[in-house]
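The structures come next, written out as structure tokens.
Two complexes are shown next, each including subunit A; its partner changes from subunit B in the first to subunit C in the second.
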Partner chain A sequence: MNVTEKPAAPSIVERLRYQLGGSSDFIVRFIHEDPKDPFMYAVCYIDGLVDKNLLAFLLEAVAAEARDESGLPPDLPMSLASRVPVGALTDADSDDALVQAMLNGEAVIVGTGLTGGLCVAIPGGPSRSVEEPSSQTVVRGPKDGFTENLADNLSLVRRRLRTPHLRIEDRVVGRYTRTKVAVVYIEGIVQPVILDELRRRLDAIDIDGILESGYIEELIQDTAWTPFPTIHNTERPDTVAGHLLEGHAAVLVDGTPFALIVPVTFFKFFLSSEDYYQRHDIASFVRIIRFIAFFVSLLLPSLYIAVTTFQQEMIPTTMLISLAAQREGIPLPALLEALLMELTFEVIREAGIRMPRVIGPAISIVGALVLGQAAVQAGLVSGAMVIIVSFTAIASFVIPALGMSAAIRLMRFLLMALAGSFGLFGILAGMIPLLLHLVSLRSFGIPYLLPVAPLKWRNFRDLFVRLPWRALKERPAVIGSRNPRRQPRTGPKKEENRT
Partner chain B sequence: MNDQTTNPSGLIACLVIYEIGSTTLFLQAAEAKQDAWIAMTLASAAAFFLLAMYLAMHRQDPDRDLFALCRAYLGSWAGTACGFLFVGYFAYESSRNLRDLVELTSQVLLNQTPLFIIAMITIIVVANTARYGARMLFLCTLVLLPFLLMGYALLIVMLASQQMIHAESLLPMLENGWRPVFKAAFPELVSFPFGQTVLFLVFFPLVRTGTPGFSRSVYLTYGGVSLFLIAMNQLTVFVLGQSIAENVTFPLLESVQLIEFSQVFERMDILFVFVLFLGLGTKLAAFFIGAATGFSQLSGIGYRKGILPLAALIFGLSFLSPNYTHHIWVGKAVTYWFTIFQIALPLLLFIAMQINGGKKGRGHG
Partner chain C sequence: MKRWSLILCATTVCCALTGCWDRRELNQLGITAATAIDRSGNEWVVTYQVIVPSAMWSGAGGGGSASSSQSSVHVFTTRGRTIREAVSRANLEFTRELYFSHTDVLVVGKEAAQQGISEVLDLYLRSFDARETVLLTVTDGVGAQILRQFVPPERLPGTAIAAILTTDQETAGLMPAVSVFDLAKSMYSDAGAILVPEIGIRRADVGDADDLEGVDAFKTTVVPTKLRLLRLGVFKGTRLVGWIGQSESYGIDWLNNRIKQSTITFPCPGAKSSAEQAAFQVRAAKTRVAAVKSGDAFQMSVKVKTKGTLSESACVKRLADPDMIAAMERQIEKVIQEKIRSGWNASQRLHADLAGFADRIHRKYPQAWRQLKGDWDQRLEQVELNVHVRATVENPGMLTNTVSDEQP
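The block that comes next holds the complex of A and B.
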């Protein structure tokens, strides 16, 4: 086995090189007996897209094939296939297919006696190992999160659902990025109507690049004109598995740890996978807290503005006096004061996400002390307003889904403006259109406020509270109603006796 | 996936809020004094037969709404005229509710804001609601109903816990004989609030009414709401006493104001206004949607295109009365005329349906 400089130009390798525009990461390894001979085989690959160890195995196997005394066997791919120790093998006839195979992390074997080429999937390259999800953390529950590697992510899901009914459908989206997108569902539980709609919408995508599942989310959602997310995203494989068991379908995108789940209803955004791992009573309590936090986060600043500006008579006298004393000397009306503080908080929050980790402590000192403490002492804002804004901010972090809390933040500003101009009446005038908007939203045809409007009593067992598992014998109506039973009608104990 | 929104539960919720509507805002059957509950019971029983008639009409031709029924059974010309009368009636009822809501807001929440600004905001919110159509209103009421019921339940509990309910003001029963009771009940109370279910002839075809339990649940809802309204009306009298209740503008709010939670909540009436808003607003929107549906069906103009002119019309109509007292007085006067729409016209239609029933066959479905 010898590897030397290029011999008399073999046309197929040159064509491949031409297609890739002579990019420097296109590597060709020629394998031949005699340096003067034209090569027998060439292994082409893109540097960095293949696994180095597997490549070594592969080169060795190809070299062994080349050394074979019998020369070129009549059925070369078969013979080579039996020798190549790794990876899925495919034949490719056209140059385009060969180039695409290389770009997908396959090594391409071409030879003098071969018409096309043999593609060996040995994908590799830098990737992150499985770590704890950073955006959705739990105290009790699995700590593994998705990575940027689609194959790893699929294995994380598959490992939780070891059933032949788990189906994975691959497709490629993006003319330039050629991103692998996998639709995952459980056959027999998922609603075929929803699945067909999902496939149709994914197939309709024609875009140059998909860099994150957010692209897909925006392109397949029912309407773009809403601040509310109509597609769930998660970094947690257990969340995906749980949703698949309820009849949802998931979309995993290569290159991002965020998987999409469709369809999704409003209330799903207030549930965490941990709700199912904790005792049901604790989980129910926490859920109620989350719904309270939702209202606090949405309404507290506007209610404060409305009551202090328009309906002071609602406040008990002693409290009113203390509030009035605080507001004495504050130059701004309550609405501007609140907007100022909310804006400050939003800036601190955004800075907290974008800034380099090293200067984090500095920002928190500036944020907490200078903007909070000092602003009150300087008489720019009242202490009560700082409390209101801080509590609102903290409440918004209780909602497990970031997309939902972002929508609530936007709505909060609108409601504050309405409260500042028309008081409680303005808040109501804002809430009714908001409610109508939510009611009219749909996620893959499923009404957004599903178990409440339209009413489905069956789903209330796992909504504001979570009943114990023994009471949750059925999947949620509509979404997973094709195969509604999760547990047999009889209790688990009787089931054991029967066997 | 239309089956999701045609679930009748939304219509039932809407019926509840609609019937409660603005009724609790005013003292009903004031002429009957302490016997108001008897008058209301009689009126609601009478209106029950009206509701049964509306439901029978719907069952006979479940695919047509009120306007289509008019055209199908009264002939094209008379049916269209009759339909437009209904549109006018719905629009006027809507404007009355708008004025009530505006006055309530102005008296309790925004004393210094001009009426027309409040009316403008309200009509924008309601027109936006109407834009989504009746089914979305039903879904909306499903969400709002728990809040409404909680509000009233809380009110009753608090009034009871502070020992403000003086049930002895129920006596003496029938002090002045049956005459004032009947006078209060017919036709005024039949017409408002109980007879207003005529609007639901527009809404019945939108939901799945074929299920056997539908009529029963409508009757049960109607009965429950009637009982509730009678109880709330009497409760106001129990708390305030007959003479005060008769003379204040919003007796229920007056009684809410008496609730005191030392140092925690004061002026509960301001919060309670929201509960009233929900009822008023739903009724307003329901009438608006009824009028808009009829308008677009009869004139052939698209549903959404008709919303804006209708909103302008209702906005204008709500300012017909120069002041609130006049508005209330007109309200008392027109209820007699409204029996045309609740009893006479539907009865005519019903009879026409019985005569022509075989010939016309079922609706376009």
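The block that comes next holds the complex of A and C.
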């Protein structure tokens, strides 16, 4: 901090104002030693990006420094540090840096004795408090979810991993949005190869704006030509912490509650953090249910179409008769019937998301009663088809990850068309390329179907079932192999009971 | 990108060009529950019992509701020089494509059975939709007549006949359930003979056969006439050559090791009157047959082992006495032996090797079989039966004594 003869303060303030185009939320407070004199200090900030209480402290401190008559050369940083309970104090020389600092929620102090300016981080402004995540709910488990504030989100993760090995790397992405993006990982567990690749891909992004982590997800994923998500996203800090402990890395983006987790495998999308909080046997049961729901959601309508229009001999006689009875007088072929119902459901679903909350119940009544019941009674669709479609729809919501269930939905339509044209052979002809596609996918170089193809038996302990923690002494192979031990090899010592 | 669009193109073209070539909606199918095959002159007469799904379904609301006034099956007949020709003529008078994959039972009329049904076997083994697992029955009359009957309280007569056949075999063992495949198998075996259950209409004291033909059959609790299994038709090759009674067929079932569960009624040891009878519930039975050549003649050694429980008793003696149980076992053995002998006698009478001894001799004495082969059916009379039965009463049930007026 050099002390110069005459302040260049007014011109700096003017330059800042000019850079911001005279925007009305750019506020400057001049602090005079004497009202007649040219000002000594100016505090500049963007209204709404700074915390009002901290700002008051700051202004007071700066004013006190201006009044200081000790005769000592003014040393603003020192005195601020002692008087203002604020965060980071940095100095910036260029105008651009000062503007950027203000846009980041810092107050900039310019004035006598300062070249450039002094930036005080007092971020504030409107933000949502920590609430229960809306998209990934659990019955047992922590109820806090990420918010739009990156600092809060990082603190939620840090609070779960109080280790010096938790590393947070900040970077700014987006030429206009200047969005803060944080890479979070645990040093010593994460694979450096994956981390370097993640850094490389993040650094390669050059885009005007990042409004949500979805932008980042698309820009850093391995391939865009797949409906299947190759990057996991979650609203839950405990999910992030759990993945970090298994050797994954997370990307938190300012302005969204959705954090990204890389790399990710296909089966991860069927796991919920609650699986680890519940008893292992119950969690295993629920997981098996989820995998069954996956197949139901993917295949049930197409199997129904195939079996009822091509391979009728596969249906038990009594069931065939009851299905045939329901199809009496139905004008549409089974494929069209199914497509019609699926389409109806998709419309209701989309409407349910978009419409104002107030009219929600009205739509559910119209959707469920009018379209379901009435369509059957009018003889447009068979009762069995309504059951198939609604069960499929419910099954698709069992899958915890929305991205995965959306992919399954797309595949379902494809398989239905194939089943309607070729029967069970069509389904087979759809499933084989689907499997080939899944096997060919990579997420940050990790095979998508990891523990199954390539086969890693160790990971099966925590895949379709979750074994008790005593059996999960090692981290999952491949992703967690850098630091494989989760618990010591020997179990907890058994207490000796002697009577 | 180019590759993907190519694949997409190919898939679309595949779907669009081929169309849904063998697509059959459920409501285009005439699901046939039972088929009957008769002969009339040079023509095959095929009768179909087609399910009327809307009459079967009793679900509330929706596309159709079941009404008891509507018949659940529709029966009609077509003719042709081949069976397929007859089937193809069905659509001259019926709206739906006949569908045979769910056919449970095939009824063969007497005339067709006597002429031989090799064409039927050929058809069932050759075509994709008709299954050789369909159960075979023969009737002493016209098969079409059987299909017109309801089997209250079941709504599907065809399925009900199949159910009668299989349930009887599993629980009582009185009649074998024979599939088309079994008949084909026997045709190509050395013995070449098989028993096929006869289904017929038993006329009771009142009413006549027509009484079961309408849905009114469901409105009474006792029906005057009933479809039931009667005798057994003896098929040599694919021809019906004669009939044998149930008790004879029962003996042949023992010979063929086909008894799983059965009940044997036997007179009590030292019974004073014929009213003193007891019943033995067979839980397990095993028959071993071995051919023994003695000179030119053959002796069949039949060893039967059976275990079971005493399920009913009118014997006045104490059952707790082990000697009594042993005596009972002797009686059971005697009864089984008699049954086997009577079955074998029937087999000899009809010159049909129903016990399948020919295959055993062929396997054991292939040289000798070559000479026997020509007139084996005539030689059956020379075959001697050497029957050993070992019956074990494993427990006398929950009572050790008999509930009786006379106390021992």
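The criterion applied here is as follows: the second predicted complex is superposed on the first by the 470 of 499 C-alpha atoms of A that agree within 3 Å, B and C clash if a C-alpha of one lies under 4 Å from a C-alpha of the other, contacts with A are read in each partner's own complex, and residues count from 1 in each chain.
Please note the rule applied: contacts are C-beta pairs under 8 Å (C-beta built on N, C-alpha and C of every residue); 3 or more make two chains touch, one makes a residue touch a chain.
As the structure is a computational prediction, the values presented were derived from the model and not from experiment.
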item	value
Joint occupancy of subunit A by subunit B and subunit C, clash or fit	fit
Touched partner set for A:313, first subunit B, second subunit C, both or neither	both
First (subunit B), second (subunit C), both or neither touched by A:468	neither
Subunit B versus subunit C as contact partner of A:478, first or second or both or neither	first
Partner chain in contact with A:326 - subunit B first, subunit C second, else both or neither	second
Contacts of A:425 with subunit B and subunit C, given as first, second, both or neither	first
First, second, both or neither for A:488, with subunit B first and subunit C second	neither
Partner chain(s) touched by A:225 [first = subunit B, second = subunit C, both, neither]	second
Superposed arrangement, angle subtended at the Cα centre of subunit A by subunit B and subunit C, nearest 10 degrees	40
Touching partner for A:453 - first (subunit B), second (subunit C), both, neither	first
First (subunit B), second (subunit C), both or neither touched by A:439	first
Minimum Cα separation, subunit C to subunit B, after superposition on A (Å)	5
Doubly contacted subunit A residues - partners subunit C and subunit B	310, 313, 317, 422-423
Subunit B-facing residues of subunit A, complex	193, 310-311, 313-318, 422-426, 428-429, 432-433, 435-436, 439-440, 445-447, 449-450, 452-455, 478
Sites on subunit B touched by subunit A in the complex	1, 4-5, 7, 9-10, 105, 109-110, 113, 118, 121-122, 125, 128-129, 132, 136, 138-140, 142-144, 263-267, 270-271, 273-274, 277, 281
Complex interface listing, subunit A residues touching subunit C	225, 308-310, 312-313, 317, 320-330, 333-335, 376-377, 379, 382-383, 417-418, 420-423
Residues of subunit C touching subunit A in the complex	4, 15, 18-20, 22-27, 29, 31, 33, 51, 53-54, 56-57, 59, 61-64, 66, 99, 101-102, 104, 129, 156, 159
